[in-house]
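Before I ask anything, let me first share the structure, which is written out below as structure tokens.
Letters A, B, C and D mark the chains as written, and numbering starts fresh at 1 in each.
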Amino acid sequence: MDLEFEKTIIDIESKIAELQKLSAENKLDLSVQIRELKKRAQAYKERVYDGLTAWQRLQVARHPQRPVLQDFISMMFSGFVELHGDRGIADDRALIGGFATLGDYRVVLVGHNKGKTAEENAERNFGMAKPEGYRKALRLFKLAEKWNLPIITFIDTAGAYPGLEAEERGQAEAIAHNLTEMARIQVPIVTLVSGEGGSGGAIGIGVGDVVLMLTNAVYSVISPEGCASILWRDAEHAPEAAEALKITAKSLLEMGVIDEIVTEPAGGAHRDPTQTAEEVRKALQKHLAVLCAKSVPVLLEERFRKYSGMGRFDS
Amino acid sequence: MPWFSRSKDKMPAEKKEDIWVRCSACNAHVYKEEWFANLSVCPKCGYHGRLTCDQRLELLLDPGSFTELNASICPNDPLNFVDGKGRYAEKISATIEETGLRESVKTGYGKINAMPVAVAVMDFRFFGGSLGSGTGEKILRAANYAYDFDLPYIIVSASGGARMQEGMYSLMQMAKTCAGIARLNEKKLPYISVLTDPTAGGVSASYAMMGDVNMSEPGALIAFAGRRVIEQTIKQKLPKNFQTAEYLLEHGFLDLIVLRHEMKDRIHQILTYYRAGRTFRN
Amino acid sequence: MDLEFEKTIIDIESKIAELQKLSAENKLDLSVQIRELKKRAQAYKERVYDGLTAWQRLQVARHPQRPVLQDFISMMFSGFVELHGDRGIADDRALIGGFATLGDYRVVLVGHNKGKTAEENAERNFGMAKPEGYRKALRLFKLAEKWNLPIITFIDTAGAYPGLEAEERGQAEAIAHNLTEMARIQVPIVTLVSGEGGSGGAIGIGVGDVVLMLTNAVYSVISPEGCASILWRDAEHAPEAAEALKITAKSLLEMGVIDEIVTEPAGGAHRDPTQTAEEVRKALQKHLAVLCAKSVPVLLEERFRKYSGMGRFDS
Amino acid sequence: MPWFSRSKDKMPAEKKEDIWVRCSACNAHVYKEEWFANLSVCPKCGYHGRLTCDQRLELLLDPGSFTELNASICPNDPLNFVDGKGRYAEKISATIEETGLRESVKTGYGKINAMPVAVAVMDFRFFGGSLGSGTGEKILRAANYAYDFDLPYIIVSASGGARMQEGMYSLMQMAKTCAGIARLNEKKLPYISVLTDPTAGGVSASYAMMGDVNMSEPGALIAFAGRRVIEQTIKQKLPKNFQTAEYLLEHGFLDLIVLRHEMKDRIHQILTYYRAGRTFRN
């Protein structure tokens, strides 16, 4: 998928590729020209990506080539042991988890499991989890607590799956239960919004001691399309809704909803997954180091204060 | 016993005319006086109409026992939100004006048959009972009050879900309120959740579903996702009683469905069990 | 249903009824004769019921007029507040529970919910619970623990329901989970086997600090019919299997599997439910008084020792 | 590496002839030597044949690291049980004679890649791996050993369920063994349950299902009720993969299915996570 605002970037990139091909095939030295173009591309990417609107960032967050959890697992984590099932009804492929190792840290990793191919997305329901997914997550949180392992969660979902069976089996109960239990889980929780943070389905695994967001990730109480169709009575107004809802990492950092932005390479995570993963790794390790040094009572008290402080009102 | 003192309270679910109330379930016309004397329950079909928070408090608490807390909290439009229909800030003022409320929940403490409790009662008239920052703040503070004074906590929900106009602050109220409930659990304090018509979205997916005992009234709509969204997603018709209190009971999410007339005594009865355990043995 | 060994009892009883009718209609004084017959009936009942075989007791335990949980609730308990649902998928009507008051004791009551009519049994699946039933029970046990209320469980089931959905949703997991949690629930648990104690479906709510049995109740690791068809290769041998399996209250008391027999009136609980309930009430109150006086650590330690001591082996 | 030292160990699931083993899944004839060298996994179709407890211990533990505990425990026929085919007491003697085992489980402690663990490994040859008093006693004692010495506990189940011949004593082993597991949970000690072919009835409905991590091997039968009983009850055909490890995984009851060749290393890997948490922070 080519995003409209990326056209020039893509043009320059293909020109670079052309020159590189030319240079190789004809043994020409075009390194100066290539370097020049690359610099230009970089500058352009930076400029474009700095100025993206909320709606544009949402497109980046939804980009089909954006790294998904499985990519982060292979790029950043070692020794991943996937643990399946909610011990009640099913193993939800839309939300997965298990033991994972990040440098010196052994953790329980839980995250939405978007796919990139049609096949993967069919199997993983586009990362939209059912109650059994949230209940599996809770089981793994409790296992982490029992084994005294920090928890890392990756958020990347359009939302909790709104289907008949999901309703029947208590999507509301499953999310509510997670929110309540996560508030008091006695190990550190670091959350990264890596792509789409879609409403209740996102926060259902998102009650972190620290909540990070990638530059172009979004996090929203409702999809801009849904908001527009309710408040503007027309889904076409989604770009305005996206702006109004303040769904970008930058806005949410200012609002105090998230704690830190993890910088994506200019041009977006889909242009350089490796570099993205490297930034994520550094950020996670930094925060794990801080959180793991805290005693359990301090950790829980600070978590309670953090969420107690969410919101702005008059009185 | 006509127990509603403020007859100008708006009934959201009923069409009001001068002397009649038309039941939105069976379309019967009922004398207003009879309707209110029957606690806004249709005398013809048993339909439980919606209540304002004041009516609900009057229904649940001993007369004169309610003390409101944090009454001054109100929305402050943290996002400078403007939608197709105007500014949130203006709608706040208009809604406050119209309802006499300052947020979608009233909180405080009072007594149920002489038993002290902390309470939070939502009001659907205030932005559809949506979960604003102020709503979450008041619900958390009332939880903390219950925590500090060792009181049972009762929340009566009535909400369409999150308050979009406050963006992510609204979503965060789900975690914030549940954190309050989690602390009550640690202290083994009882929490009774009353899910009234309607309780949906971010409210059903947070504190409303987490009662030690979850109760509702006949016919109440209780949902996570909206019916239309689900139909669009799965492209099939939904069961007729889908997302009613009866459906939720059948599927294991409600402990009991209680007639409005019996609600207060039933909650009291349940709390006597808590009190017995509290005094019984170490 | 008339049980074969009850024929003479029923004959005498109908003769008594006849004489009473005769006496009333004709204003005859037959009180001496009636008293004599009643004495004979009583003696006969006692003799027959003392000598019942295991197989015969099983028939009494399954008698369609035997009091079921709903009868005990109306006869013995006040202020019953039924609490529904497992908070996951369903409200199982085969296993119910809620708050209940027994004299001075406020408890959480949980039990299998057999019916007496065809209609009731269809709704209640003959008291054969599915995983959601056992999960509801666990939820109520946890509520009892949180609210510091003693637990009473009534066992009366042919077994956990052996159906496709039950297997799919983890009948094994649900029972195993209850056994594990009940071992450490921090309030007293008194269990009564009131009718049929059918295998895993029975013990799934049966890990009591004290386990009582009605005289004609049975408790078995497998139904005698099932055992006979496996070990005798013929279900017709069920009466022998019933004997061999030692399923009666008397045998199980001798074996140390149960703690006490609650005496049924001669002629069985179905002949006098009121008297039966009265005996049950006295027994439950007596044991609640003892257990509620114990500290939590003592309670748990004694429970652990009790179940640690189950079984006989050589070494 | 032919790792089975005792070639006269009985393979319950395979028809044995002099030089061949016939795979009960694909009917292939495989040289006995090749079959055992491949850990009783069919080299043609991957079918995981059943193992004796000694083979399993050899597979899981570092060579020479196993110390057996409570080896002398054996059944004592507490019910004087006689069925259509004879006396339980006599069958006990015959089975002990035939298998060289004294109960349906071997317990003790040992090392997995140098990491100390407590273990219990069931053997289907001894009364179908059924849960006798001695079985439960040994499983509980090994749990208590893990509890006392702060060790991870690993149980490998292989069982048709309860042992009818011991009547209610057998049923009580379910509560007894789970009480042992519950105490490990309180002390936050890890328990890994390996459910091998077959794990059913009272064993699946007690300790086998309660692992912090539940794992199995491809194709293993794991069930509560028997297939025939279910078919008789619901009068309909069951799914083809019903009650296989794969079915259980899909329905959320297994954490993972592991090839036999990888079992030891996989358990070790999981335990390194436990060890990390143990030493990591307070």
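A few remarks follow.
By definition in this document, a residue touches a chain if its C-beta (ideal position, glycine included) is under 8 Å from a C-beta of that chain, and two chains touch if they have at least 3 such contacts.
These numbers come from a predicted model, not from an experiment.
The chains touching chain B as well as chain D are A, C.
Distance between chain centres (mean CA atoms), chain A to chain B: 33 Å.
Centre-to-centre separation of chain A and chain C, using mean CA positions: 54 Å.
Taking each chain's centre as the average of its CA atoms, chain A and chain D sit 41 Å apart. Across the assembly, chain C contributes residues 87-89, 168-170, 173, 177 that each touch 2 or more other chains. For chain D, the set of residues that touch two or more other chains comprises 185, 251-253. Taken as a contact graph, with one node per protein chain and an edge wherever two chains touch, the assembly fits none of the named shapes, being neither a line, a ring, a star nor a complete graph. In summary, the structure contains touching chain pairs A-B, A-C, A-D, B-C, C-D. Within the complex formed with chain C, the residues of chain D that make contact are 70, 72-76, 78-79, 81-85, 103, 132-134, 136-137, 140, 162-176, 178-179, 181-183, 185-186, 201-202, 204-210, 222-226, 229-230, 233-234, 236, 238, 242-243, 251-253. Interface residues of chain A, counted against chain B in their complex, comprise 160-164, 166-173, 175-177, 179-184, 199-200, 202-204, 206-207, 219-222, 226-228, 230-234, 237, 240-241, 244-247, 252, 255, 257, 303-304, 307-308, 310-315. For chain C in complex with chain A, the residues that touch the partner chain are 87-89, 131, 135, 168-170, 173, 177.
Within the complex, the chain B residues that touch chain C are 185, 188, 190, 212-213, 249-256, 266, 269-270, 272-274, 276-278, 280-282.
Across the complex, chain B is touched by residues 79, 81-91, 99, 106, 132, 136, 143, 146-149, 292-293, 295-296 of chain C.
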